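Everything below concerns the one structure shown next.
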C-alpha cells in the first residue's frame, strides 16, 4: 500500500493549499442552512403545546449540544494521531477543535439555561445532562489552558493531546456517574429533557440546523487550523508568501 | 581515589532501583519532611472548621452538608498536595535521571503515588470520623465514610499524578493543575458521596464501594502509564 | 563596549523603580502569563461546580450554603494563588535584589499585592453573581456579594502576602502557607458572609461593609510592612 | 407552512418568551460570528508580527555586518 | 555487553541538525565516539551544546539526521544505550532533602562504595548533612560522586561538569575521567574551561552553525 | 557621595567570624577594599565565600566582628552602602518571564542604555526573546549586562561571575571590570577560575579556616 498520501496529508503546506478551495463552499452552505433553519424555526413552526414559543430555542440548543460532544472526539482523535504519528497538522486540528468545542458547549449551556427559565422557572438546575455538559466545558478549558501554559509549542501540543486522551477515557464514566448520581437523589420534582415525540414539522428545521451546524463546524475548524498552521510555519517561505502576498 | 571498573555488567549499579527501593526512599523523604504529611491534613481540618463560620452553625444544615463537604475537602486537600509530587525531583534533575533508567517509569510513579496516598489519603481517612462528629453526621455513615475515603483517595492520588506530571515543567503552574485534575476526579466524588449518603439513609452501599474499588483498579493500571508519558513530554521542553 | 561612567550620582540607575514602575512591570508579567489571571478564576468556578456533586442538587440546600461557600472558595482561590506571589522572584534572585534597593520594600509589596488583587480578586468578584445564580442564591444578595467580595478580596491579597513572604524560602511550602494565612483570613470571612446573609434576610448591611473597608485600610497600611520583614527573614536563611 | 405571528411585535414578544428566545439566538449568532472572524484577526496579527520580525532581522544583519567590518576590515573590503 | 574492544564505535552521528522553536542551531553535524575516547563539545553560549547532549540521550526529539548507538538507530537503540549511560546535566540530580550518602544509595550504590566515592570527592564529614545546606560546589560534588562509584556505566555524558568546582575538585575529576578512558569507557562532555585529559578530541559547534540569512527562512523543515 | 578619592577605603573588615548552623566557617578575617581596587576571594568549595559576600551586603546577620562601609559600622552604614552597591549572586536576578531588554529596564536603565549594554554582552538579536528560552550562559549574560550600564554603582560584589560564560564572555567581562577600576570603582568577587585583572588582590579564606577539634564544639558561641 502506498502511504505517500498519508505523509502528504501531514504536510502543513499541502493541507493549506488543498483546503483553500473548500472554504467558500462550506461558508456558503453554513450561512444558507443556518439562516433558512433559523427563520423557519423562529417564525414558521407551530407553537409547542406546553412550552410555548420558548421551544424555538431547540433549533440551536440541540445542534450545539451534539457538536460539543462530537467535537471532543474530534479533538481527542486528532491529538492521538499527532502523538502516534508525530504529525504537526493533527496537533493544529486538535487545538482548533478545543477552542471551537469550548464555544459550542458554552452555547449549549447558555441556551439551555435560557430555556430553563420559562420551562422550569430557574436558570440552572443540577441535572445530569447539564452537569455533565458543564464538566465537558471544563475539560475543554483544561485542554486549552494547558496548551497555552507550556513554553514550547511541541510540548504544549503533546501534553494537551495526552490530556484530551485521558479525558476521553473519563467522559463515559463521567456521563454515566452523573446520571447515576442524579437518579440516586430522586429528583421527582422535575423531569427534564425527557425523550419526547418530536413532530416531523418541528423536526425538519431542526435537521436543517443540525446540518448547518456541522458545516459551520467544518468551516471554522478548517479556518482555525489554517491560521494556526500559518503561525507555526511562519519561518517557512510558503507561509510568509501566504501571509504577505494576500495584502 | 578508587579506580573505575567497567568490566562487570552495568546492571549492578542500578539493580537496587526496583519498586521497593523507590518506595523506601520516597517514604524516607516524606517522613523527613513531615510537613508533607501533616499539611494536607491540617488544611482539611482548617477548611472544614472555617465552614461553619461561613455557612452558619445550624446542626441540621451541617449534617446534610457533611458527607459532601468532607468529600469535597478531601478531594481539595489531595489535589493541592499533588503539586509538589514531581516538582522537587524535576528541579534538582532527579526526574530526568529517572527517565534515563532502563526500567519503565511506571513503577517509580506507582511508588510515588503510593507514598502520596500514605502521606495524605490514609491519615485523612482515619481522621474523617472525628470531623464527621464535628459536622453532626449521623453515626450510621462513619464506617462507610472511612472505607470510601480509603478507597477513593487512593484513586485520587493516582489520577492526580497525571495532572502533576503534565504541569511539572511549567514555570508557574498556579492553579492549572486543579483545573486539569478536577473533572477527572468527578466520578470518584460521586461514588464516594453516594456511598455515604446511602449508608446514612440506611440502604446497602456495597455497590458504590465496588465501583470505587473498580475505579481504583483501573487507575492503578492506567494512570501511571499516562503520567509516565506526560513526564517524558514535560521534560522534552 | 561602552565604558563605565561612575562620576554621576548613582541614583540615576534606580530612580525608575518607583511604585508605578514596579506596578507596571508586575502588570506586564501578569498579562503575559495570562494563566495567572484565569487560573484562580477557573479554580473558583470548578470547585463551586463540584460542590453540588458532593452535597446533592437540592436547590434549597444549595441556596442556604451559597453565601458561605462562595466566600470560602473565594478565600481558597485567593490563598492558593498567593503561593507564587514571591516564589518566581525568589528563585531567580530578583527578591534578593529588591531587598538591596535603597527604597523600602513596602512599595514593591504593595504593587505586587495590588496586581494580585487585579488578577484574582477583581475577576472573581465580577463573576460571583453568575455562581450565585447557579447556586440559587436569592437575588437580593447579588449586589452585596459583589461589593463585599471586592472589598474583602483586596484585604485577602494583602494579608496573604505576609504568608507568602514567610514561606517563600521553604523548599516545599506545600500547604503550610494555607495554615499560616487561614486564621488571618477569618475576620474578613466573617464580615463578608455576614454582609451577604444580612442582605438576603433583608436587613441593612452597611455596617459589615464598613468593617470590611476598615479591615482593608488597616491591611494596606500594615500588611506590606509585615511582609517586608518576613521577606528579609526568609532570605537570611 | 405559514408565518405563525400576527404582527411584528407579537413576533418579538413571542407570548412572553421572546426575551429568552431572542437572547439565545443573538448570543449564538455573536458566538458563531466571533468564531468565524477570529482567524481573520489572528491572521492580521501574524502579518504585523512577521513584518516586525523582518525588520528586526534586517537590523541584526546590519549590526553583524558592521561588526565584521570593524573587526576585519580587509575581509569586508573584498568584493562579494 | 561485557568487555568492549578498543575500536568499538559507541556513538555515531551523521548529518545531525537540531532545531529549537524552529530555529536551526547547527546543521550537518557528524562525528563518532569510540570506546576509550573522549570528546569535548565546544561552542559559545547558546551555540546548542546542551541541546546536542539532550538530543543524544533521547530526551529531545526535535532533530533530523541519524544517531546510532552501538550501531542501533534512534528509537530502537534507546533502551540499550540508557543501560550503559551516565548523564549529568546542568542540574545534577541531587535531591536536596537527602544526604549525600542517601543520594548515592538512591543511585544504586551500596554503603561502602558510596562512602568511598564521597571520600574521593572530598566530602568526608558531610555524608550525613542534608544537601540543601551544602554550598554550590559541594552539591556539584555530590552529583559527580556517581562517577567515582565502582561498576559505573560505560558511557558518560557530562554537561559542564566543572562548574562551581574548585581547583582541587577539577584535578580529581580529570584524574577519574582519565582512569575511565583507560578502562575502555567513553566520555562526551561540554566545558568552557580548558581540560587536561589525554587524547581529548574537540568538537566545535561553531563550525556547524547556521547563519540564518533572511532567505534562509525559506526552506521547509522536513522533520520527524 | 560623588567623586571618590583614589585612596578612600570603601570597605573595612576586622576580625570577622562567620557561622552557619553553629559551625564557624572562618575566623579573624581582616581586610580592606579601596576605591579603584579589586579583591578576589578564594577558597575551596564550602569554604564560606558566598556566606562572606552575603554577610558583607547585610543579608546575613550571623557573624561577629566589625564591618565598616565607608567608615560606617554594620547596621548604620547599610542604607548608604546599598545606595552604591551592585550585587550579582549565584542566582542572577534575571526574571525568566521578561525579555533581556525588560529585565534591564526593570533595573532602571533606559531603552538605549539597555540596548547598548545588551550589545556589549553579545546578546544582540535576543533582546526580545523571553529569558526562559535562553541558554544557561545567555541568562548569565543578561545578569551581567547590568555591569555594562552607564552610571552603574560604585561598588560591585560578584559571586562567581564567570560561571557558564564562554571564553569571549570572560574576556569582555574582564575588560569591563578593568574599566570600572580605572574609573575609581571597586570590586569584590569570588571565582574558581583564574582572572586577569590588573592589580587584583587575592584573599584566601583557607588562611582563616577554623579546624574545629572536638573540644571546640564545647565553647559557647557568643555572637551578635
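Observations on the structure shown:
Just so it is clear, A, B, C, D, E and F label the chains in written order, and each chain counts residues from 1 on its own.
Convention: a residue touches a chain if its C-beta (ideal position, glycine included) is under 8 Å from a C-beta of that chain, and two chains touch if they have at least 3 such contacts.
Per UniProt, the chains are A = Heme exporter protein C; B, C = Heme exporter protein B; D = Heme exporter protein D; E, F = Cytochrome c biogenesis heme-transporting ATPase CcmA.
Computed from a predicted model, the values in this text were never measured in an experiment.
A count of C-beta contacts for the chain pairs A-C and A-D puts A-D on top.
Look at the CA centroids: the one farthest from the centroid of subunit F belongs to A.
A centroid comparison over C-alpha atoms places E as the chain most distant from subunit C (Heme exporter protein B). Centre-to-centre separation between subunit C (Heme exporter protein B) and subunit E, using Cα means, comes to 44 Å. We define each chain's centre as the mean of its Cα atoms; on that basis subunit A (Heme exporter protein C) and subunit F are separated by 57 Å. Between subunit D (Heme exporter protein D) and subunit F, the centres computed from C-alpha atoms are 48 Å apart. Residue positions 90, 96-97, 132-133 of subunit F are each in touch with at least two other chains.
Each of residues 33, 35, 39, 42, 46, 53, 56, 88, 171 in subunit C (Heme exporter protein B) touches at least two other chains.
The residues of subunit A (Heme exporter protein C) that reach two or more other chains are 135, 138, 141, 145, 149, 151-152, 154, 178, 181, 234, 240, listed in rising order.
Residues 13, 86, 152-154, 232, 234-238, 240 of subunit A (Heme exporter protein C) are the ones that touch subunit E when the two sit in their complex.
Residues of subunit F that touch subunit D (Heme exporter protein D) in their complex: 119, 124-125, 128.
Interface residues of subunit D (Heme exporter protein D) facing subunit A (Heme exporter protein C) in the complex, by the touch rule stated above, are 1-5, 11, 14-18, 20-21, 23-25, 27-28, 31-32, 34-36, 38-39, 42-43, 46-47, 49-51, 53.
Across the complex, subunit A (Heme exporter protein C) is touched by residues 162, 166-167, 169-171, 173, 176, 179-180, 182-184, 186-187, 190-191, 194, 197-198, 215, 222, 226, 229-230, 233-234, 236-237 of subunit B (Heme exporter protein B).
Taken in their complex, subunit C (Heme exporter protein B) has these residues touching subunit B (Heme exporter protein B): 33, 35-36, 39-40, 42-43, 46-47, 50-51, 53-56, 61, 64-65, 67-69, 71-72, 75-77, 80-81, 84, 87-88, 171-172, 174-176, 178-179, 182-183, 186, 189-190, 193, 197.
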